[in-house]
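Shown next, in structure tokens, is the structure this report addresses.
When the chains are written out, they are named A, B and C in that same order, and each has its own residue count from 1.
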Amino acid sequence: MSNAAAISVSDLTKQFGDFTAVDAITFEVQQGEIFGFLGANGAGKTTAMRMLCGLSLPTSGKANVAGFDLYKESEKIKKNIGYMSQKFSLYEDLTIRENNRFYGGIYGLTDQQIKEKTQFMLKHLHLESQADTLVKALPLGWKQKLSFSVSMIHDPKIVFLDEPTGGVDPITRREFWTMIYEAAHRGTTVFVTTHYMDEAEYCDRVSIMVDGRIEALDTPAALTKQYNAKGMAEVFVQLARKAKRSDN
Amino acid sequence: MESAVKVERVFKNFQSGKTQIEALKDISFEVGRGELFGLIGPDGAGKTTLFRILTTLMIANKGNAWVDGLEVVSDYKEIRKRVGYMPGKFSLYQDLTVEENLSFFATLFGTTLEENYELVKDIYVQIEPFKKRRAGALSGGMKQKLALSCALIHRPSVLFLDEPTTGVDAVSRQEFWELLRKLQHQGITIVVSTPYMDEASLCDRVALMQDGRIMDIDTPKGITQKFSKPLWAVGAADMYSLMNDLRSDERVDTCYPFGQYHHITFAEVNQEVQGIEKSLVDKGHTNLSIQKIEPTIEDCFMELMNQ
Amino acid sequence: MKQFFYFIRKEFYHLLRDRRTLFILFGMPVTQILIFGFALTNEVKNSRIAILDNSKDEATTAIIHQLEASRYFDIVENLNSYAELEPTFQKGQIRLAVVFPEKFQSSLLHTNAAPIQLIADATDPNVANTLTNYASAIIMDYQNSMKETQDFPYTISTELRMLYNPQLKGSYNFVPGVMAMVLMLVGAMMTSISIVREKELGTMEIILVSPIVPIRVIVAKMVPYLLLSMVNIASILLLSVYALDVPINGSLTLLVFECFLFTLTALALGLLISSISDSQQVAMLVSLMGLFLPTIMFSGFMFPIENMPIPLQVISNFVPAKWFYYIVKDVMIKGTGLETVWKETLILLGMLIVLLTISIKKFKVRLE
């Protein structure tokens, strides 16, 4: 069981009428891996991620997430994954504590568990004094770090991060990624999409989607070598320029 | 007046509920004519507030500012005739076509697309195939280019672009900066703000902003040359434990992850790198590599933040 | 199960922390009950009536006395001739006139019958009906009380005349009301939303940082809704005249002019609302709560103003729709001209000037 992939996807496809958003993608993500899922807007990565989170049913293909089948056991999948996105994370008009109690309750944690996790989280982020502050009063960087912690409140096997860092200063961004490193170290699989190409270099492996297909999948080091690039940004630009879809 | 933009000890506060937010604290700088000037900083640094003061949309609590030789408070009407402004989120009329947007903005400034065609030609040819499409149906990159055209259409002397590349894919971002360079050759002063540190190197001079203050102003090269210590890039098979080991080492001053390598500085300026290397190997690290590197703007930004 | 309760609790947090919505959810019903309960009533009290007493004898005096004593009526005019009736109604000062013929008491004594004329202003047919019923009832009462002292029964017959709206058509009343509502809605709400939308989109910033003079922006924003309102007026009038048989008895030019005036007032209000709203939702809410609702409640077309407690009557004077409704009813249904409505027109004009001045001053040339 310990060698089983955290996510395994085979010929996964999603069609909207005539339009094939995701075109038979195949890949695997190992447990404890930090997997970067990149692609231009319109390349299909958001659609693919939605399918993996159980938010949308594939048109065809197979997928296993956290050991459960995507079609038959989607409810079990939801209990075992966490999700965080830049657009929405915590309720701004609730306090930190209230947010935790809500999400903890949704995932079936006992009051005691919620209390302990909240305590731990606040201590780790040095936010003990802000436990009862409304989230909207916190700076963006703290909100992001908190959202990440809350998305992990039920100790999921996999956590999906959709453009998690946006607009914060470079130090805060690195603190965030350190948290991701720690989570991966503890065995959580991290599936992350991002617009910051330099962040792609924090990942163990990266996949790049173009026109609904996966055009590249390897470690950042191997990819930069393969495409003779100075960094992931260049790799991405080279691949994206070939795209027929999305932009223009 | 020599400078296209001059800011002198500007302060700006906002009231948010019960708290006072100090958005700008003692900002001073100058932008020369025809310069491509970058304001680099994260959300909350004060870039948008500064832009709004310079485009006469807000008044500073303290201090003065001049654009094109005119004072921003008393001469605001004249300034509004001469500057081009592209606010964040590319404010366009979603339900008007590309053509209609352009002609509206042109007429607003008393000119037409034909009159200043030369100026926007490079950009316009890229969006021309879509001229009958509604702005709301354009991709992010296209919207960006359209918004730029609308801001340029009246041949402003100073162009203010507030985060024009945010949320746009990497390819469009590159193309956009190429367009800006070409515009610069036409004699337009361009002031751009961006949260992307790598874009700083594309400007003539940059101001690094954080928390309402300017930490440094210089050419990109000038900034990187001011980095106080030698910078090393360290890589190994297990990056996470490498980071922990480096951070717990007393000889290491700062250690920041930079993807495939960690950037570190030492507490002692002439620290011998072999000593560090040996202790890492002893701890069991494989695939170890350590090399001296040139600091990037991002390294400098973080060093300035820590000061 | 716990999931479920935690979710409910979260929803309560959201609700309780949104002050604005709370105000609407709790404040509104309370206010409405109070207003509807105490102020707005279809009941008619203290209605202004006139008496034309051509006999001035014991009987008429007794009946007049009864009328005066009743809480329904307030005798405000004692007329001296038939000629005075029309102008008094035209001026809108009375809703009902009670006319006694000459030699009323002697007719009763000698022929056991006498008529009393009840002339009502039927532009509001409901009120007209109610008033004539009350008056008839009082007269009946008097008749019955006389029976006890006389041997032969008296018959006092009441002749009803419904002025301006003999068929008691409801449409005569609500067409002006609908016009007020529509103009207020289109003019104020749509203008304010249109301006605030630019603010929300961010395009307002670009417009401000351009040579265009703000006053031109304001006018440009208003023109489409001005035209739209005039089209609406045209269609309402056409439908009223041809489909509902509502007449336009007065001058059409005057009517159109008054509509134009009111529309401009609505637009100015829209402009004012836009300068205090920072989102389209707020603009819509304020337009609905602050304008539309008062227009319905205080214009007088659903609930007669004279039946409201004094404080509310005072408030209604500040509602432009009240004056407009009055003017339109007069010009359209009663067929009067500027001579009768000049005061109200002037008031509306005054409101327009004040509102325009305030809203133009408040229009922000900068972002704060």
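Keep in mind that, in the parts below, a residue touches a chain if its C-beta (ideal position, glycine included) is under 8 Å from a C-beta of that chain, and two chains touch if they have at least 3 such contacts.
The shown structure was predicted, so the numbers you read here are calculated from the model rather than taken from an experiment.
Chain pair with the most C-beta contact pairs: A-B. Set against the C-alpha centre of chain B, every other chain centre is closer than that of C.
The centroid of the Cα atoms in chain A and the matching centroid in chain C are 61 Å apart.
Chain B has its Cα centroid 27 Å from the Cα centroid of chain A. Within chain A, not a single residue touches two or more of the remaining chains. By the touch criterion stated above, chain C contacts chain A in their complex at residues 2-3, 5-7, 9-10, 13-14, 17-18.
Touching chain B in their complex are the following residues of chain C: 201-203, 205-212, 365-368.
Considering their complex, residues 40-42, 139-140, 166-172, 174, 177-178, 181-182, 184-185, 195-202, 220-221, 231-233, 236-237, 240-241, 246-248 of chain A touch chain B.
Interface of chain A with chain C (complex): residues 91, 93-94, 98, 101-102, 104-106, 108. Remark: chain B residues 41-45, 126, 139-142, 166-167, 169-172, 174, 195-198, 210, 239-241, 243, 256-260, 298, 301-302, 305-306 touch chain A in the complex.
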